[in-house]
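Quick one: the structure is below, and I'll ask about it shortly.
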């Protein structure tokens, strides 16, 4: 029985076996002990046609509830321009391997170089790598990088205002790596610099990770953080939403040594959490401590400008257990996604995304307060995401909104309710949600 | 056949040492640079770092390989060759004219474990 | 291939744009943010119109080579054909719009996929349960090693901090072990590339957390003493980790769980045909035997949070889009076609090996599995190296094999054809490889200066590493 992806006819198989010097397919496995040959039926569905596969996924799709998203918490519903999807689906990009053969990979190498350049522009730092898996793992890698740079110190500090899943991933990596991770307390919704300075005083901290925009949506004022860290011999890293960096002070401007985060906010669909793309940028003197792939410019035999994977002596395929990281596959195609998105948006488009998100979020914020059912937790500047206290039962509020087709009022660990508005949310959608909330008692 | 220089001491990990009083100057041998190919980076310790005989003090990198440097002596780093920061290829051109670190030795008797030129030549023949 | 030299920044012109967005009628904009929190100047992103953006990236794509372009015999990378139905499914708008923190009651379809895919992977591998969260193979290794460590720690067996890795293993194995805080101990290979069991015996004691193995190994050879190895490692209290990088030839033939492995990962972008995307995204699900189920990391498919769990390794639940593609492929394979996947990959590899072993040096002349390794040209007198052969292949429209790995030989050429290539494609590749061997003898300088027909030729990697230029602003 022929199968669409296996071109072999019975005659092909017969001729190929003959050339290979074996009499049957089974003979190709004669070195496998019989007890390990799986002779039973696989507990899998019968082979499906394309139409049947499509039907399976259409049924899955119908089993999910379509919701209008008013939630962020690390995944943001920004708009994807049509041209982005068109470019990333080109099979020359989609079906290529890692660009080890530079001569036939200039396309991949050039977009990675552009991606690195754009991450530097957004973060205000000197160099960036070719991508990480996601924001949370980029944060974990940053702290490993801090420990490796310091050589002797085995302690890192993370702000308690970082997203909960980022803190959990950092803690997990740190605990296995033999690194102590301390938590910097928050005061009034933002990282406490006093608490940080006290924890740095012992002079045993390799690096500090703080958010640009924190788990409550607040834009943190990081004045003095870099000095505090540096005077204690520690590096400062900022976990940033790169979309917001079109308008917000950059990690470089705050004096940070390293920036990381998730570039999903640059137009990548929510897709239940992946594929997204982490980014990692740093000051030039930390360049050789970067994890993962890096592309650099050079010239070929004929003097033509060319791009290659470079500084590979940091990486696992050369350095093995002494590599800066174990990362091999990254999220390259999503780096292309972000690069095309930023090319289309430019500085003005990205600013406008922030303007629309800011305007919508503040409209919703003010009207929620006006219902009398919500009150401020922290009166601090925010961009597109904020938390409030509510006099309603938070769980029931969230459920009522789900029933009305809105994913909003996400209940935080602290019992606040969180909302997020991007440029995709219209005034009609916001008003419709407010109507539902006004009727709740 | 790689070059050697008379009067230097050699380690099995292909570092050379020249001794001036209590100061040991350390580099890599011609054999080592040849095995690595075109060098692209030399990772050096900082001045005042302590090094220990037989333990890593840095690394030399080419495009497709990296090799740790092992200190032939113990002591404190008093100087590193900053010329190598921007021009690692100097080690390819003349590995004996371009040293990597200078160490104030804490135990000069450790030098006794190193090879002289003749011993190193026969060591390399077996490598 | 045509050479196109622009970077998107070089197409930029002040005042141009490639976006359309609705006009805001909100009362406020981001200008209301206090000045002290705002950046001093706009980022230096390119300003380009949409047609220029599309043409630029289309031109870049013309300088790329994918599986859809031609044969990709890249050893250890399993570059099989990526069915187009998978892309359409992952692109369905409903799936793209799901927020990862939505309550489970609103994502019943998504959770059914997680359940169905992990059950299918269990059936295929003989493991008891999977986490689909790891993003790639190396991430799966790290997750698996965390499970291994957590298992020993939860048993109070704190001193098991060494992990045994064959000297021929992929670099990610020792690197993942190091990130996980484990000390790497190398076990030697025998001349035929299989594990030296006598050496292994000398390494086993009560400080061993486990062993990481591929089977077949890096040379494409089945580790026939796997049962003995499993007994030895289990006997000393360690666990067996299966690196799924080489799972493809076993697909439909052997299940790692049946060979005694306790933990494993799969590279869905290799074995289950999701596109490599120029280096990612992949997916590296980790499977465990029954007794290790509580150690699977958060967030879990079962929604539980056992005390034993190994922690959290991902922001959310992995590369959902990639998982959908892999399951679509598994559904197309079904219980019937999966039987032929591994065998045809193995047949293709042996066919190439036997067709070329007279002109390329075959150090281990045995039946291989999905891949095998030549040690350069048979004729060592030409001065033509493995690198030269690889570059010359590009001129003929083939991707190069994996070269200079494994390190067991000086001139390694590692070839893995996969099961989706036809006999005609293999014949064309064989013919070109033979022709290159002839060229090496007749005109070695021509081969040594290859490639001749590509958009660029042997870029200077040493210069790139000596004076790194890593962003547009730093270009001279």
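A few notes on this one:
In this document, chain identifiers A, B and C correspond to the written order of the chains, with residue numbering beginning at 1 in each.
Criterion: a contact is a pair of C-beta atoms (placed from the backbone, for glycine too) under 8 Å apart; a residue touches a chain by one contact, two chains touch by 3 or more.
Since the model is a prediction, treat every value here as computed from it, not as a measurement.
For the pairs B-C and A-C, the larger set of C-beta contacts lies at A-C.
Comparing each chain's Cα centroid with the centroid of every protein Cα atom identifies chain C as the most central. Centre-to-centre, using mean CA coordinates, subunit A is 43 Å away from subunit B. The geometric centre of subunit B is 37 Å away from that of subunit C, both derived from CA atoms. Subunit A and subunit C have CA centres that are 19 Å apart. Shared contact sites, meaning residues of subunit A that touch two or more other chains, fall at 311-313, 318-319, 322. Counting partner chains per residue, subunit C shows two or more touched chains at residues 461, 465. Residue positions 40-41, 61-64 of subunit B are each in touch with at least two other chains. Listed in rising order, the residues of subunit C touching subunit B in the complex are 404, 461-462, 465-466.
Those residues of subunit A that touch subunit B in the shared complex are 288, 311-313, 318-319, 322.
Here subunit B touches subunit A in the complex through residues 40-41, 43, 59, 61-66, 68, going by the rule given at the top.
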